[in-house]
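Shared between the two complexes below is subunit A, which has subunit B as its partner in the first and subunit C in the second.
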Partner chain A sequence: MSNITDIRLKRDAGFIAEVEAASGQKLSTCYQCGNCTAGCPAGFAYDKQVNRIMRGAQLGLKDDVLNSRAIWMCLSCFTCSLRCPNNIDVAAIMETLRHMARKKNMVSVRKVEKFWFSFLNTVRAFGRSWEIGTMALYMLRSLRVFTDIDLAPEALKKQKLPFKPYVVPNGGAGAVGRIFKRYRERADREGVRP
Partner chain B sequence: MRIGVFICHCGSNIAGTVDCTKVAEIAKKFPDVVYTAEPMYTCAEPGQTAMEDAIHEYRLDGVVVASCSPRMHEATFRRTVERAGLNRYMFEMANIREHVSWIGKEKDANTNKAAELVEIAVAKLRNNRPLTAKTFDVTKKVLIAGGGVAGIQSALDCADGGVPVILVERESTIGGKMAKLDKTFPTVDCSACILGPKMVDVAQHPNITLHAYSEIEDVSGYVGNFSVKIRKLATYVDWEKCTGCGVCSEKCPSKKTPDAFNEFTGTTTAVSISFPQAIPKKAVINARHCRQLTKGKCGVCAKFCPTGAIDYAMQDSIVTEEVGCIIAATGYDLMDWTVYREYGGGAYPDVITSLQYERLLSSSGPTGGHLIRPSDGGEPQNVVFVQCVGSRDKSIGRPQCSAFCCMYTAKQAVLTKEHLPESQSYVFYMDIRAPGKMYDEFTRRAMEEYGVEYIRGRVSAIYPDGLGQYVVMGSDTLLGEPVEIKADLVVLAVGIEAARGTRALAEKLRISYDKSGFFMESHVKLKPVETNTAGVFLAGVCQGAKDIPASVAQGSAAAAKVMALFARDKLENNPQIAFVDLRRCVGCGKCIRCCPFGAIKEKDIRGETKAQVIETVCQGCGLCTSTCPQGAAQLSHATDNQILAEVNALCR
Partner chain C sequence: MNYAYYPGCSTQGASTDYEKSTRAVCAALGMNLVELPEWNCCGSTPAHAVDTELSAALCVRNLDIAARQESETLLTPCPSCLSNLKHAAKRMQNPEARARVNELLDNPAASEFPAVTSVMQGMAAHLDAKEIASRTRKSLSALTFAPYYGCLMSRPAEIMKFGDPENPTLMESLLTACSATVLDFPLKTACCGASYGIPERSMTARLSARILQLATDMKVDAIVVACPLCQMNLDLRQPQAEKAADTRFAMPVLYFTQALGLAFGFSPDTLGLEKLRVSADSLLRKLGTGAANAAGSR
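Here is the complex of A and B:
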């Protein structure tokens, strides 16, 4: 019976402590009411629903949780945190799990990470996001050239896709760039993948 | 003085982290200590017998027991030393369990602290004086605050036992929340049919005086001799003349008065009788909606009343009752569920409370028992019940379980099927709590025989779909998936809180309440009916969430406590009360002004004004002791000298 989870063997107490320390949340306060799952607008794209991620984290099932697709499809809308009857910041736990997965090179949905890089690259350059730049970078990185291209005409018509980036004036863009630089230095120092 | 010290092991509770033998050795060196012992369980019969023997054998005239909290066994050991011929106040207790062994792990430190606590107790005991109680008369009459099922049960039991009862009810009828229910679980018998006869008994019992539509204004006195001021609210109807015929209500033109008895699911008239089985069946005018009282123009009810009972000029009146005991049975109210904005916050007409649903199901309710949607009057096909709304929710500061919602939700789902056989009910639950007799069988029946669909998960949001239905966004945690149900009617099992005004009443009764406002019992397991104020007892949900059988049982239990107390003709006071040293008293009167019980009066002694303590009224709080600038007011058994002796022992 290989599909039975041996909780004693798979339970990673260190992982539980790590999640709690990084997120500032106490996992044992979750009583599995499922309110997070009930309100999650991205749940349709999850492999495991939020309450199952929470249960996995509670039990210390590290690989199950970190390899899940769900933590990458999370929108960070914080509906789960708002509705949790036990005041758990569930979105913060999802965020923590994403960080942990990246540190351990266990990112299961690479294209989400690629999208973020594309988005952040434009912010680093101009101090604000630049949609068309994000689009182009993402297409290059993911080789998904025609993804969502059908939305472009409508977005262009509504002037949501400016061809020129908006650069934050008065040295603002440079200041934002320096924040990225500082983060990168810290990431190198601490051995975190940027 | 010859003092004996007993260092209790309490099994391993104390001996586990305190070196009792060493404490006993140290204690032997304290002044006046002539005997030490280390019993395994001092409170057990062999322990008590050994203590009595030691008192005789070593001619002890004072005893120190180092063991648990005095709240646990002080009374026990006082009786023990009394049996051995000592005065019960020649005894002191050092708490080395709750204050030492249970809170610290380091044995050496614990042993030192235990020895110091024993030293303090010995120092105090050396200054103790024998005290004797005074006796006083008891007014053998009980006042019961609250006429719900618990209060009714207490009233009937006391009255049957020959105790005159004053029953005070805030609403215009007794019956409480149970009177609003349609049916009761797990037998699904009609609530009015089982409560109605008890309400009639209350009305007819010669030993019961009922003050309905009245509130407790003020309480003074002490066990055996309470004096309670009751404010009888103005009903604008002379109840001596009112026959309950209902003509006034039929003729009243103000027909859009909100109907509180029906939980605002319908409207009533400004002058009305809340429901057909009301006790007393008397009319009350709602002053805020009466045209005569608000605009000064109408007078229809006065014109039609066949007995001339209407009195627009009526004012509140105060009645004072002298009683020996008080039972608080004030019950509960639903919490304000509109804090849940995600459930509409009260804006959706078809998202209602469970108590409103009871009124819709009830044949004496606004729809005559016809189950309809409040918005359009249509019959609901899909009814969704949401449990734990305002219960077990730390995010709104309500972590407690409301105890009976699981069961009434199952009952309401069963009744829904019986009213509308074509309907389908869904219940969102987190855990089904059905530990009572025949309870779990009942919830199983709801699922197996009535086809109620139970879904394990909380509901995140409810919103109207724009087509007349409501989308309930929940999850099925057993399936591990979010689920949605389109509902015609959503019933929220709203959590309970202590009834409004409970905190104010607690202050009047000088009893305490917990974070949720429920009255605190004296001991959570062993004294669930008593409070920390002698002569004040609790019955029903005012002490904590419980269902009808438990409320009735506690009502009877409170009555038994009252009758046990009234079985004695005289009560003894606690002699640990204040006294005034007349040589030191300068008659400044500060103690008289600060005493919360009115227990100190001025007395003229040889032309000089002095303070004097009324011994049966003083509760021994010690306020006068700390207020007196001369140190003339002292508390027996905790005099300044005794406290200083304790401090000296510790600081030496």
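Here is the complex of A and C:
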């Protein structure tokens, strides 16, 4: 019975409302059929399966859900949303939970976030993404120096990776940089982690 | 006919062969691609995974440029770009979201954007299969393909509008118009592992291996794809998938534009076939279009 008491104590009604508002989904419509979990291609890498994340969100178990590894390993392939018999956009809920966890600095799989920011920093600087720059920044941030080093000879031989970034001309790169700047400034004003 | 064109970053780096073959095939079909001036990255998965409005702002800057072009349709070859652009356009229909996205931009965006669609759908809308067949110079009847769309081209169905989200068939209709044999590929919309190749290699290796294994078991000559990231995972990362599955695939992975380009008589060089990690020479031999023996091709 301690589990039930536990759930009651951990329940955060504000969290349920927040997830529903941000995702546009009604959590209570999930009846735990498990179709989302059955179709999820990334489930093997999850700590909690999707239907369990859905149940946790439904019950308002904020910390359990936001601290999960699953929300970071989700591939955003939309199979769960497609197969939900109640038309819940489950992928939108997973994405909402990622956003909430990031904003509260509760990121349980840091390397995924490091990869995203390695990519985005090349976009912020040049207006377009740049593969070698993304790889170099990721190696620096994650201290995983040998990431994909096995691919380098072939990728370089086939000239698949430009050595120089492409900078969007005529002020385009600057305009993109300003999008990132305003995004950061707004996050600061709103008191969330950008 | 002119089409506004958003190439996406991959086509400028790792997937220049997709770009070359897309341009060659579109030209052959009478589609004039007008590249958006000063386009920027759509933000791809990292932007939407971090923040919906950041992702939308990056996309809307491009949609806004497209709105100022004289074109009703914006085409993009990349399903990830397509998905982001379409999601952003939809988000802008909500006044509250629109105001927050506009806040991030230099100037508020145009009130209406051209329709965004994939190059593949653009081709099918431009010419029907019969007309495409009439432009074929070299029959692909010697080749058997596994069509592979990946996750994003057809999902979410109400946004992507690509037919049945678990069983799209547009690629099949284009390839069969060129007389290729196209098998019913059960994993055609399964996920290849997307952008996790860098942070979590075991994810892409395992998911891509499943797709490569099935195509191998079905004895196809190649997997045909429409997505730069799928192509990279299945081709460049094929050795990682082989290691994960403890086997050897040697499976060529072509863009659908490269396959169509062969049918239209373009040379392997024009289609960038030399960029493929797993060589397409086995296909060229079956077609009698050796890389060195490109006589009669454009």
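Keep this in mind: the second predicted complex is superposed on the first by the 185 of 194 C-alpha atoms of A that agree within 3 Å, B and C clash if a C-alpha of one lies under 4 Å from a C-alpha of the other, contacts with A are read in each partner's own complex, and residues count from 1 in each chain.
One rule holds in what follows: contacts are C-beta pairs under 8 Å (C-beta built on N, C-alpha and C of every residue); 3 or more make two chains touch, one makes a residue touch a chain.
Quick caveat: nothing in here was measured; it's all calculated off a predicted structure.
Chemist: Check the residue A:49 against both partner chains and state whether it touches subunit B (first), subunit C (second), both, or neither.
Modeler: The first partner, subunit B, only.
Chemist: Looking at the overlay, what does A:69 touch: subunit B (first), subunit C (second), both, or neither?
Modeler: neither
Chemist: On subunit A, which partner's contacts cover more residues, subunit B's or subunit C's?
Modeler: Counted on subunit A, the partner with more touching residues turns out to be C.
Chemist: Once chain A of both complexes is superposed, is A:87 in touch with subunit B (first), subunit C (second), both, or neither?
Modeler: It touches subunit B, and subunit C stays clear.
Chemist: Where does A:26 make contact in the superposed view: on subunit B (first), on subunit C (second), on both, or on neither?
Modeler: A:26 contacts neither subunit B nor subunit C.
Chemist: Just subunit B (first), just subunit C (second), both, or neither: which does A:35 touch?
Modeler: It touches subunit B, and subunit C stays clear.
Chemist: Could you look at A:104 and tell me whether it touches subunit B, subunit C, both or neither (first, second, both, neither)?
Modeler: Neither partner.
Chemist: Determine, under the contact definition given at the top, whether A:79 touches first (subunit B), second (subunit C), both, or neither.
Modeler: Touch partners of A:79: subunit B and subunit C.
Chemist: Once the two structures are superposed, pull the subunit A residues common to the subunit B and subunit C interfaces.
Modeler: The answer is residues 79 of subunit A.
Chemist: So in the complex, the part of subunit B that touches subunit A is made up of which residues?
Modeler: 342, 388, 392-396, 430, 456-461, 473-477, 480-483
Chemist: Considering the complex alone, what residue numbers of subunit A touch subunit C?
Modeler: 41-42, 44-45, 73, 75-79, 81-82, 89, 91, 95, 98-99, 102, 109, 111-112, 114-117, 119-120, 123, 127-131, 134-135, 138, 142, 147-148, 150-151, 154-155, 158-162, 166, 168-173, 175-176, 178-180, 182-183, 186, 194
Chemist: If you look only at subunit A, which of its residues touch subunit B in the complex?
Modeler: 29, 31-40, 43, 48-49, 51-52, 79, 83-87
Chemist: Give the list of subunit C residues in touch with subunit A in this complex.
Modeler: Touch residues, subunit C against subunit A: 9, 12-16, 37-41, 43-54, 57-58, 61, 103-106, 151-152, 155-157, 165-166, 190-191, 193-203, 206-207, 236-237, 239-240, 274-275, 277.
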